[in-house]
Every structure is written in C-alpha cells, then in structure tokens.
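By letter and in written order, the chains are A, B, C and D; residue numbering begins at 1 in each of them.
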Amino acid sequence: MKKHIQHREFLFDIYIEDTDFQGFVYHANYLKFFERARSNFLFENGIFHKELVKKNLAFVVKRAEIDFLLPAKLEDSLVIQTSIEKKSNARMVFNQLIVNPEHEQVLCRGVVEVCLINLITKKPQIFPNDLLLIFNKGEPNE
Amino acid sequence: MKKHIQHREFLFDIYIEDTDFQGFVYHANYLKFFERARSNFLFENGIFHKELVKKNLAFVVKRAEIDFLLPAKLEDSLVIQTSIEKKSNARMVFNQLIVNPEHEQVLCRGVVEVCLINLITKKPQIFPNDLLLIFNKGEPNE
Amino acid sequence: MKKHIQHREFLFDIYIEDTDFQGFVYHANYLKFFERARSNFLFENGIFHKELVKKNLAFVVKRAEIDFLLPAKLEDSLVIQTSIEKKSNARMVFNQLIVNPEHEQVLCRGVVEVCLINLITKKPQIFPNDLLLIFNKGEPNE
Amino acid sequence: MKKHIQHREFLFDIYIEDTDFQGFVYHANYLKFFERARSNFLFENGIFHKELVKKNLAFVVKRAEIDFLLPAKLEDSLVIQTSIEKKSNARMVFNQLIVNPEHEQVLCRGVVEVCLINLITKKPQIFPNDLLLIFNKGEPNE
C-alpha cells in the first residue's frame, strides 16, 4: 500500500553555475536540487549523511524519472515540494516538484527512488529505527 | 513504429570532479555523461550546438529515466553505448548504457527524450532535413 | 588608491554535490560559492545578471587567487564575507573569506578580479552609473 | 632552486555542462580541467588517486592563481600544457596553460600548488619515493 507520508518545502535560488549556453538551467542540475531538498528534509529531522557514513551507511539513488516541463532561469527563486512514499522498510520514493511560486508554475517533476546501503557489503539495508520513525511521522496507524 | 536507428560508442574517464563523499560518482553526473555521448554523436555527424543556436534552435531534454545499477568509481574508463529511436519528426529517444568494459558490467541505463525547440517561440520544431537524414541513417526503407 | 567599500555576509550549506571522494569539498567549488556571494550582493542592490545580459553586458572574472586553508565538509553551514575594492571605473576586486562560524575558522580566502564586458564587442566597459553608485556606497567623498 | 621538470599535453572537449548563460565556459570549470590534466599525468605514470586513498594519502590543492585571458567556447577542442616545478619533497607547483590549438591562443593560465596529506592526521607528507622518482624524471643530476 502506497502511503504519502510527508510534504515539505525547500527554497533555493538559481545562480550562474546552474545555467548553460542556452540561458536556462542545465538539465542535470535539477537532480542536484532534488537532492538538496531531500538532504534538507533529513537535516531537519536530525539525520546527517556524515553521521551515517561513520556507521558505513549511505543513501543511494537507485532510479530517477524526471519530466522537464518548463525551463528554470537565472536568478529564479524556486521551491521544491517533496512528499515521501515508503515502499518498504528498505526503499523509499520521493515525489518532488520544482515550482516557481511567482507564476505558480511547475517547472520540473521528479520521482526518485532511494535505498540505504552498507558501504562495506554494498548491500541494501533495512532503515534503522530513527529513520523509520521519521518516515512514518504523521502515520498514526503504523 | 519504433525504429532503433543507430548504435554508437563514446569513451570517457572518471575524474575527481565526478565523485562525491561516498567515493563513487555523484548520481546527477550520469546525466552529464549521457549528454556528452549524445553531443559527440552529433559532432561526428557535423552537427554543432553552437551552429544551431545561431539559428535559434536548441535541443532540450524533455524527460529522462535513469537506473543506477552499479556505482562508477574514480579513474574508471567507461563506455557509453547510445542507440537512437525516432519517435516522430520532432521527438527522439536515446537509449543509453554506461558500461565498464573491464568487467563487462552495465553501471547505468538511461532513456532520454529530446526535442528541438525554437529559442524565440520556445516551441518544439520539426527536425531540419540534415538532422533527419542523420537520424534516419542506415534505414534503407525510409 | 585602494578603497574597501563594502562588507557583506552570505550564508550557504554544503551538500553532497559539493564533495569529492576525499570526503571534503572539491576545490573548484569554492569559486562557485564566491560567485554566489557576489551575485547575492548584486541582487540585494537590485542588479540582476539577466537584466545586464539584455543590454549585452556581463560580469566576467579576469583573475582569481585562492588559498585553500582548511577543508569544508559535508553539511557545514558556512558564511562568505565579501568586501569590495574598486580598482577603477572598469575593474573591481572582491576579497572573499569562507568562514565556518561554529569554529570561527577561515576555510578559504579568495581575491577575485571582475570586469564588465560588452558581449558583442567582447571589450571591457566602464561600469554604468547605477553600478558605480552601489560600489561607491558608504563612500561620502566620492 | 626552481626546476621545471616535465611538460605534458592533455586534450579535452568543451560540452554543454561546462558553459553558462553567457555562452562561454563557466570560470570555476577551468580548475576542473586543470585537475583532469594533473590526474592524467599521474595515471600515465602509474599513480592512481584511488590507490593513494587506500594508504590514507591524498593530493590536496593548497593555492591556485588563475588568469582568465580569453573565453573557451562550446565544442572547442582544447589542450592543457602542464609543467611541474618541485618546490620541496612535500610541495609541488603545476604551471598549466589551456590552449586553443586552432588559433594558437592561450585561453587560461593557472598556477596550482599541491601537497600530499595524510587523511588521518590531516598533515602534509613527504612524497613517497615512487612519486619523487616521477617528479624528478629527466633530471639526471638529482
């Protein structure tokens, strides 16, 4: 059963480094923005990648689908809306939208599947309890 | 009707700039590598982005699906296999595999949908004849 | 005569995209951070690169000196202190420090020389009056 | 005593990812290109960053000076000329030029100071013998 667990907003700005010769944001950079929003969600919940890596744990992206709907432009101030869908105790899917709040336009839509791997064995791991607690927040029946 | 029109190989190396703190290639960078291979395919056929832009034409990525199967590592020498599938006279799909030839492993698989837009009107355009000729190469019945 | 005209602070965070396989920030990225702080200084003064480019004007970096003193790390929250030194009506030098406020440590020091060029003639231009006004702020004798 | 020890050439191409909204290469990326050339020099001599890191050793850039002379453009095929100057048994300076061979123009000049650090102690290390041997190549009197 699919459960959309949380909905978060992350604000960011477009700088020169993000653009390409066409004058818009280079397409690969949207994946970076999505990752900033996911990391920010974790920070806010007290989870830090640098702490996980000390336990030989790391989040890895397994699959991404991205629809590039409208180009983001230099000096745009944008919002990423992230909702999380727990697929299993070892796999999560983030549905992410990059929105220009000025025009209420969705510029880019991403579906990013993430799992946690053990950096030694390279194998996927069940999420530890503190992570599961975060991903289940607002889910009284679980 | 789907037509796999061409099959090309592009070689490249992994440098420090491509890696992240986990010791592997940062996931967004695979989209850059795919784009290098597509651009290289165009160069070899005498098509240059900088010439297109003078005519207010530009290729834009409309959609991408990426499966991150195995991590690419620092100092890997990799190959991208690209096959092109013409969906219409205004839309193309590139099926791209990043392969480590040493271990004959597929590290990453991408499906990247591209169209040509007019930079003034921002609207998709039918591919000009010289491009269509290239995308149809090896297609005796067309 | 050298004049240190303004002193500004810009806050930013380190994300996975900024790191490399050594676990620290990749050295080239400090130049991106410096540029974000300079752009932010311009935004706050109502100057936008996208407006300049419509007039065929663009800031270009002519020279940079960077001292990498201590490594920035994943999930660091850092501050860039920027002071501006007008060399002439066509050339500015930004002195920029990346500071970790938690430990009051200077991680990186940059001296970045910038001029404004005409994108058509490719030649340096005298700064327009609105820019000169901003760069002279707090300079009653000019 | 300054000794210019070696002179190497590295070829590379400019892709869309390297450009910015001004239509030229984004300034921070020249540092990436310089690093590719230095890494390539090491590969050719059988030195791999991924082997060094297993011994807790890593090259770090301590200082860089860059003169941006002429803009590199999309689809340029460029050459980096690298000469190495050993400052001591723990510090090296690379003098690097990015050249457009078509017009015999120097686009960018970099002076990059590198040392080897121990990733555990974070302290600079004397270069191991195999590295010193490489850096001293062509130096019969050493």
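Miscellaneous remarks
Convention: a contact is a pair of C-beta atoms (placed from the backbone, for glycine too) under 8 Å apart; a residue touches a chain by one contact, two chains touch by 3 or more.
Because the structure is a prediction, the values reported are computed rather than measured.
Between A-D and C-D, more contacting C-beta pairs join the chains of C-D. Chain centres computed from CA atoms place D at the largest separation from subunit A.
Separating the centre of subunit B from that of subunit D, both taken as means of CA atoms, is a distance of 29 Å. Between the CA-based centres of subunit C and subunit D the separation comes to 24 Å, rounded to the whole angstrom.
Rounded to whole angstrom units, the spacing between the C-alpha centres of subunit A and subunit D is 34.
Residue positions 16-17, 21, 23, 28, 32, 35, 49-50, 53, 74 of subunit D each touch two or more of the other chains. Subunit B contributes residues 15-17, 23, 32, 35-36, 39, 43, 48-50, 53, 73-75 to its touches with subunit D in the complex. Across the complex, subunit B is touched by residues 16-17, 19-24, 26, 28, 74 of subunit C.
Within the complex formed with subunit A, the residues of subunit B that make contact are 21-23, 27-29, 31-32, 35, 49-50, 53, 58, 60-68, 71, 119.
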